[in-house]
Structures are given as structure tokens and as C-alpha cells.
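In what follows, subunit A forms one complex with subunit B and a second complex with subunit C.
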Partner chain A sequence: MKRQLALIGYALGALSRRRGRSAAVTAGLALVVGLFGSVLFLGDALRAEVEAGARYLPDLSVQRLVAGRPALVPTDVVGAVRGIPGVRSVNARVWGYLYVPPISANITILGATGREATLHAAMVAGRSLRAGERGACVLGAALAEAIGVEPGDEVSLSSDVGGSDATVHWLRIVGVFHDASALRTADVLITSDADARNLLGVDAGLATDLAVSLTTPDEARVASEKIALLVAGARIVDKQLLRRTYALTLDGRGGLLSAMLLPALAALLLLAWDRLTGLSEAERREIGVLKAIGWEVSEVLTARLWESLLVALGGATLGVLGAYAYVFLAQAPGLAGALYGWSALYPPLRLTPQVDAAQALALIVGVALPFVAVGLVPAWRAATLDPDHALRGGA
Partner chain B sequence: MSIEKESPAPTAAPAIDARGLTKRYEDGVRRREVVSDVSVVVPQGALWVLRGPSGSGKTTLLGLLGAMVTPTRGEVIVCGEPLSRLRDHHRTRARRRLVGFVFQELALVPGMTLTENVLLPLVPEGGATNAQRAHAAALLERFGLTAFADTRIERLSGGERQRGAVARALVLSPPVLLLDEPTAHLDAARVLEVVAMLAALRDEGRTIVATTHDPRLADSASVDRVLDLADGKLVEN
Partner chain C sequence: MNARRRFLTLSLCSFFLNVLLATVLALSSGCGGKPRVRCERCGMFLDANPRWAAGAVAAGGRDVHFDAPRCLFAWLQSTAGIGAEGPWVTEYYTQHKRPAAFVWYVVGADLTGPMGPDFVPIGDEVGAERFRGEHNARAVLRYDAIDAAALTRLDAH
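Entry: the complex of A and B
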């Protein structure tokens, strides 16, 4: 241990003596690892967002198409769907978009069915809706901010039936969702099922869709086939398929970006090759000196190993830390657009740090190991020469 | 000024026993014999000089005597240790313990301080102990280098570097000290200092062999014996 510490001390001194070159190689490694790490981290964070969003999705969403256009689903099929083996619960949901002139934007109205209670945990101010509570609502932070309201205030919304039949509904705000759930709640207003029907003009006996929960999500395909027989024009969205589609899209985009980074990696490898296959005159001479004063080949190689390892681990670690800061602190400017796949996103997505430690470690090791291995070859060649020969530049 | 006088433990064997040493270099189709069948026995506590013109093979022979160069033929035994027969690992360890070497170009590491250079042979042993640091400091004091202990090598004069190289060669207290052209590029006053230093080290019991083509060293009364070398062979004198 004491010997290794002394050799590490020597290696640090050697790096310091060649600080310009050491810094350049470290920076090059950090840059490449940082670029690859950014793609990995961003992909992981987006996959985590998708997973987090999917947690609140029903196993199956049953919508209905009439003449190729979305139509309301009659709720009299709920009982029949519930009777399908493997179906645990069915909720007829009422939701839709409502234009709010003061903020010139559409908001999402959602009739409470009870399932939203899980979302309420993210509430930052106020309370959640009580079952069947009329004239009250919970809304997203961005929406509350845009309207300029807070819990305790009332908000007026015009129903979506148009013309002289449109009526104004006053809803008391009882809670506001936290920013952390902004991606799913920013423009959402949850109110009672009855108030939602009034606002959206959805008659009793109809629903926007059916949220189906399954005992075994793996049986989604079988359940879908049976539901399709019960609901005419059914379009069934399978949560697993949706999740897989997102994953494939993100993996595809991530792969494409990684492929685009290959030239940078190739350039670095060339630099590393040039740096490592030939020792500089000063390095070769230094190895000769060490041999001449009685260092063994293994001791010379260990010192060189520490030198390479310190550079490689330093560069790779800096790269990983830089990638973390770039993705999660700076929100990946420039790269995010390529992976998000949309040109504008509302609300702004704040990525939650998600790092696969094994992946980050694999990235560091994957860069550091070849770097160290390649670096040992010329050092071994110089160290196995007679000291006199090495000193005279024979390596 | 305190004088460091650490004498190596005497043994019955000669300090250096070289038998039939030959060194041949091959470079593609060209083959060159730099040292041819040299045998020499250097007793303990002697100050010997290898003299010869440039290209006569002095440096290579010195390297062979100190197991710094692997002989093509022959063997060298230092203080009873058959260095040329040992595997590289054992040979290096034995050399570290038995032989101090001072190169003509001094082989100090630029960018390091004088103290760091002097302590460099101790790094593979886990770094210097307090006693070894004190020994190194005493060596620097002995050679008048205390003021330059923390000075980088490139800021030292030629004479200071040379004394620093000798200090480094002695930091592990080896019984044998080999020096390649120790008076090259030195003025007359400095040559006298070097001769006095070598004589003092010899008087402490060390065995010293130095190469030179400088008559100021070779002809010095302090030198016990001069071996002349020409075309890689010893010449009777």
C-alpha cells in the first residue's frame, strides 16, 4: 500500500510536469465521454418521464371512432366490459379541451373518477377533491399562474356548448398541483364528473373514453380483442404498447445521436493513439532514468499505469459530471430538441435526474481501460530495454 | 559542515569481478562489437579510472560492470552477486542495493527539485523514511547543495547538477559507485573538487570506477589505477 501510494505520488508529479499535455488529453476524454454521457443521461431521464407518466395511465384506454373521427363512448357497455375475465375495473371518463379566452389557450378538463387521487399526492397547496364535490376544482400550477389564482379563489369557465346556450360555471379552487408533476398536470383542471359534463357538454350515458384496469397487464391483447367485440368502432390504446413505442423512439433517436458522435470518438482515439504509441523524448528518457537508478520494469509500468489511469479516470469522471450538469442543470440545450422529438413543449419539461450508475460506470471503464492498456505498450517497450539504451533514446 | 561518512559493510569478495565481458550491438545487417572479452577484478575500496578516447567503449564497459548493460558474453559479479546471471527482476534489485551510477549526462529528471531527484530511487520502496530523508539532506549538505534542495534541476549549474547526481547515486548507500566522465565540461577548480570528493568516498570504503578521457582526473595521484581502453579492449599500461 505504502509503495502504491509512493508510486501514485510519483505519477501525479509526472502528470504535473507534463501538465499541458495531461490537461489536453484529459479534456479530450472528458469531451467525448461527456457527449456520450449526455445522450445516455438524457435518454434515461426521458424514459423515466415516460415511465412516470405511464404509471397513471390505465392498462387500456377504450376510445371510439365513428367515420374515422373520435366519438363519445356509450357508458352502457361498462358493465359488459367489466364482465370480461381479467378486467379488474372500468371507469367511464369524461375529459376534453376547453378554450379559455382570457389566456388564449385550451385547457384540459378532467372529470374526477377517483383514480386521480394518486396525482393529488403531488399537490403543493390546498387539498384534493372530495368524492362528488360539486363547484370545486384542482388545477395545474402553470394554469393557476396563467390565470393568476390560488387556492380559495374562484375561476369562471364558459361551457363548450357554444352560442346562447353557453353558461358560465364558477369553480372554487381547492388545490394546485406541484411543479414536479407539471408535465402531466400543468394545463389540467380536475373537477367533479358532473361539472366536467356541464363544461364539456357531455350528456349522461356517454363518456370520452373508458379507463380499463387489468388483473394481469400481460393479457391486454386478449382483453382488447374482447372489448373490440363489445364496443363498436373501438380504438384501444394499450399502455404497454405505448410505453414500448416511446422507448423505441427514444432508443432510436439516442442511437442516431450516438452514431453522429462517432467521428468525435474516432478523432479522440487517433489522438490517444498518437499520444500513447510513441513516448515523447522526455518520457522515454525519464523511463531510462528510472531504470538506471534501480526501478524494476514492474515498478516503471505501475507508475505509468497510475499516470494513464489518473488521466483516464479523471477525464471520464469529468465527462460524466459534465454530462450530468449539462443534462440536468442546464437541461441539455441543443441536444434536448433532437431527443424530445418536438419543436415546442408546453409546459417546459424540467428533467428529473435519472442516472443508471452501472451505465455511467460502464462508460468510464469502457473509456479508461483501453486508454490505460494502450498506454502501457510503449512504456513496457521502453522499460524492458537496458537502462543505458533507454537513456540514449533507444526505445 | 557535517560530513556524512557511511561506509559500506566490507565483504571478502572483490567489489567487481568481470570475466570475458563482450558487448555486441546488431543493427539490421550491421554488427558492431563495442567491448571485446574484457576481464577485470576491482578490489574493494579502490578508485579506478577507465581511460580512452571517444568511441573506445568506456561507457559501455562501465554499464556492463554496473549491470546496466546486458553482456552478449561473459559475466559480472558485484560484491559476490552474479548480477549478469540474475533475472531482470533480481538483477535490478541487486543493482539498486549494490551500485550507484552517475551518467555523463547526469540523468536527473527536469521539473523535479534536487531533493525529489535524490529521493527518486526510494519511491519503489514506498518512499523515503525519516531516516532516509535525513540521510539525503546530509548528502546534500556534504556536497554543498543544501541551499538548492528545493530548486528545480534546470535552474542548477552544471557542477551543482553533477554533485546532485552523485548524491542520488549514494542515497541507498551502495558499496560501488560508477561514474561516466565525471569531469566533462568542468573547469580546473571543479575537477579538483570532484577528484577530492571521489578520494573521500573511496577513503570511506567505497569502490569507485570512473571513465574519463580527461588527464586531470586520470593523472591524479588520488587514483589507484588507470585502465586504458582502445577499440573495446583493455590495453596494458
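Entry: the complex of A and C
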């Protein structure tokens, strides 16, 4: 142990003597690891966002299409759908978008039918909606901030019916809620089912979609087939399929980006090989002195390996930390577009830090190991130099 | 000399910070709260796929758990299962615990349990027959009909 510490001490000294070269190689490694790490971290964060979103999705969402366009679903099928074996519950949801002129934006109106009323989100202020409470609403934190309201205030919303039927509805704000992912709740206004119907112009007996919860996801295929027979023009979205599609898309894009970065890693290793094989005159003399004062081949070899390892670990760690800062503090400018696709998101997606420890470690080891391996042959060549030749300056 | 010492200290510090970081990362990914329940027969964790869980009370009065009905039956037919009482399975449609002797078992269905093809426990005979049609299954068995041959036949297709 003491011997190894001494060798590490020597290796650090040697690195500090060749400060310029060490810094350049470390920076190169940090850059490559940083690029790889950014892709991995961004992919992980996006996957976590998808998972967090999917947790609140119903097992099956039953929508209806008429002439290829979304249409309302008649709620008289709810009883029949509930009777399908394996169906735990059916929730006829009323939701939709409402344009609010003062903030020049669409907000999402959601009719509360029970369990989803609080969206499992934390209330920032006020309380959540009571069952069947009329004339009241809870808002997403971002929306409340945009209109500049707080619990106790009232908002007036013009219903979406249009023409002379348009009426103004007053809703008292009873609470403001917040979720770890702003994407899901930023522009949401939850009110009672009846108020949502009035605002959106959805008649009784119709719903935007049916949220079907199953006792076991294995039954999704059979239940979907049965629902398709009950609801004319049904389009059934299976949560498992949706998750798999997202995972495949993100993995595919992340993999493509990583593959594009491989040449950068190869180039760096080649450069490192080139740098490490050519011993400078000073290094040759140094090794000559060490051998002359009695260092063994194994000791010189170990010291050289420690040098590579220190540079590799230092560079890789710097890279991982840099990638973390780039993705989660700076929100990955430039790279994000490649993974998100091309559509701009509203509201801006704030990524929640999400790091797979095993992946970060694998990245560090995956770059550090080849780097150390590349240094092995030059280290052996240096360690077996004849001290007499080395000191005299011969080969 | 001073600059070199500073560089040395800095490098050593960063190196040990690195090792510490790696250790913390490695530990944080592997830690859990309470002990996880394993299948008595195959040793797999039950919480990975609780929808197929089964269990019984062993001859010594100890509660034993299984990750799938086929593990329960294999255990009941082994010497370890002699004298076992109150075997139960998780009913497919309701996901409730049911006494193993009072459900119907569908074999050869198009879904797989944690251990591959399995006996799917269905609460009533009508449901079991319907399930057999919907999931392209081979046969419906009662509890008593599940013997060593039935276990072997599970993997035949």
C-alpha cells in the first residue's frame, strides 16, 4: 500500500512536470466523455419523463374517430365496458382546450370525476377540489402565475360554444397545484364535470374519452378487441404500447447520436497512442536515472500505468460532471433538439435530474480502460529501456 | 516546489473524490429498504411480477411464497411440499388471492408468467372456458388434475 502510494506520488509528480501534455490529454478525454455522457443523461432524463407521465395514464384510453377526426364518445357504453372481464374501472372524462384571450394561449380544462381530481400532484396553496363542487377550480402553478391569481380569486372564462350562445363563467380558485414535471400540469385547470361540460360545450351523455383501468395488463389486447366491438370507430391507446414506442424512439435516437460520437473516441485513443509512444529526451533520461538507482521494471511500469489511470479517471470524471451540468443545469442546448424531434414544446421542458449510476460508472470505466490499455505497450517499452543507453541518450 | 506540492495535493484530492463518488454511486444504486420476498422454489423475487404470486403454509407452519403457480405445483409435488396446507394462487381477472383448489387452470395460453408458460388461475369455469377461447389456450384443468405430467407438458409447446 505504502509502495503504491509512493508510486502514485511519483506519477503525479511526473504528470505535473509535463503539465501541458497532461492537461491537453485530460481535456480531450473530458470532451469525449462529456459528449457521450450528455447523450446518455439526456436519454435517461427523457425516458424518466415518459415513465413519470405514463404512471398517470390509464391502461387503455378509448377515443373515437368519425371520418378520421376525433369525436366525442357516447357514455352509454360505460356500463358495458365495465362488464368486460379484467376491467377494474371506467372513467368517462371530459377535457379539452379553451382559448383564453388575455394570455393569448390555450389552456387545458379537465372535468374532475373523482380519483384524478388532484392528479397526484402536490398542492402549493389552498386545497384540492371537493367531489361535485360547482363553480370552483384548481389551477396548475404556471397557469396561476401567468394570469396572476391566487386561491380566493375568481377567473372568468368565456365558454367555447361560440356565437350568441357564448356565456361567461365565473370560477373561484380554491387551490394551486404543482407537479415535478411542469409539462403535465402547467396549463391545466381542473373544475367539476358539469362546469367543464358547460365551458367546453360537451353535452351530457358524451365524453372526450374513456379512461379504462385493467386489473392486469396481460388482458389489454382482449379488452381492446371487446371495446372496439362496443364503440363504433374506437381508437384504443394501450399504455404498454405507448411506453414501448417512446422507449424505442428515444433509444434509437440516442444510439444513433452515440454511434456518431464513436469516431471521436477512436481519434482520441489514436492521439493518445501517438503521444505516449514517443518518449521525449527528458522522459528517457528520467527513466534512465530511475533504473540506474535501482528501480525494477515492474515499478517503472506501475508508475507509468498510474500516470495513464490518473489522467483517464480525471478526464472521465470531469467529462461526466460537465455532461451533468450541460444537460441538467444548461438544459442541453443544441443536443436536445436531436432527441426531442423537431416540434417545439410548450411549456419549456425542464428536465428533472435523472442519472443511472451504473451507466455513469460504465462510461467512466469504458473510456478509462481502453485509455490505460493503449498506454500499456509504451509503458512496457519505457520500463525495459537499458539505463546506460537511456542516460547516454542512445535508443 | 510550492506549485508542485499544490498540484500534488489537488490531484490526490480529486483522485480520492473520484473513488468516493464511484462508491457512493455504486451503493446508491443497490440499496433497498425491507428484505424482498423470494420464490421458495426458484429463488426469483416476487415483487418483480406480483400478478402471478402464489403461496402455501409449509408442514412446519412457515408461510412460503412462489412467483408463479407452476412453482407452487412443482413444490407441492416435491418432498418439500409434503404436508403443506392452504395453497393459494392469484386469480387472473380479479388479482385477488384464491384457494388453489377452488379455481380452474388454463394451460397453453398466449401469455407467459415469470417462469414461462404457466397455469392461469381463473375463478369460475365459464370464465376459464372463455379465457381459453380468447387466449388460444389448450385446455382447462382442475386442481387435482395437475400432476407431474401436466407440469412437464407445460413446456411442450
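FYI, the second predicted complex is superposed on the first by the 378 of 395 C-alpha atoms of A that agree within 3 Å, B and C clash if a C-alpha of one lies under 4 Å from a C-alpha of the other, contacts with A are read in each partner's own complex, and residues count from 1 in each chain.
Just so we're on the same page, contacts are C-beta pairs under 8 Å (C-beta built on N, C-alpha and C of every residue); 3 or more make two chains touch, one makes a residue touch a chain.
Remember, it's a predicted structure, so these values are computed and weren't measured experimentally.
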Report task. Please work out whether A:Val289 is in contact with subunit B alone, subunit C alone, both, or neither, and reply first, second, both or neither. Result -> first
Query raised in the report: Does subunit B (first) or subunit C (second) touch A:Ser298, or do both, or does neither?
Result: first
Query raised in the report: Does subunit B (first) or subunit C (second) touch A:Glu133, or do both, or does neither?
Result: neither
Requested in this report: Report for A:Ile364: first if it touches subunit B alone, second if subunit C alone, otherwise both or neither.
Outcome: second
Query - Larger contact residue set on subunit A - subunit B or subunit C - result: B
**Report entry** Which of subunit B and subunit C A:Thr215 touches, first, second, both or neither
**Finding:** second
Report task. Based on the superposed arrangement, let me know which partner A:Gly13 touches: subunit B (first), subunit C (second), both, or neither? Result -> both
Query raised in the report: Can A:Glu145 be said to touch subunit B (first), subunit C (second), both, or neither?
Result: neither
Report task. Please identify the positions on subunit A that touch both subunit B and subunit C, taking each partner from its own complex. Result -> 9, 13, 16
Requested in this report: Going by the contact rule at the top, pick out the subunit A residues touching subunit C in the complex.
Outcome: 8-9, 12-13, 15-16, 19, 85-86, 215-216, 218-219, 222, 310, 313-314, 317, 356-358, 360-361, 364
Query - Contact set on subunit C toward subunit A in their complex - result: 4, 7-8, 11-12, 14-15, 18, 21-22, 25-26, 28-29, 51, 92-95, 111, 127, 130-131, 134-135
Query - Residues of subunit B that touch subunit A when the two form their complex - result: 59-60, 63, 68-70, 88-89, 92-93, 95-96, 101, 103, 105, 107-112, 116, 120-127, 168-169, 172
Report summary line: Given the complex, residues on subunit A that touch subunit B span 2-3, 5-7, 9-10, 13, 16-17, 282, 285-286, 288-299, 303, 384, 386-389, 391
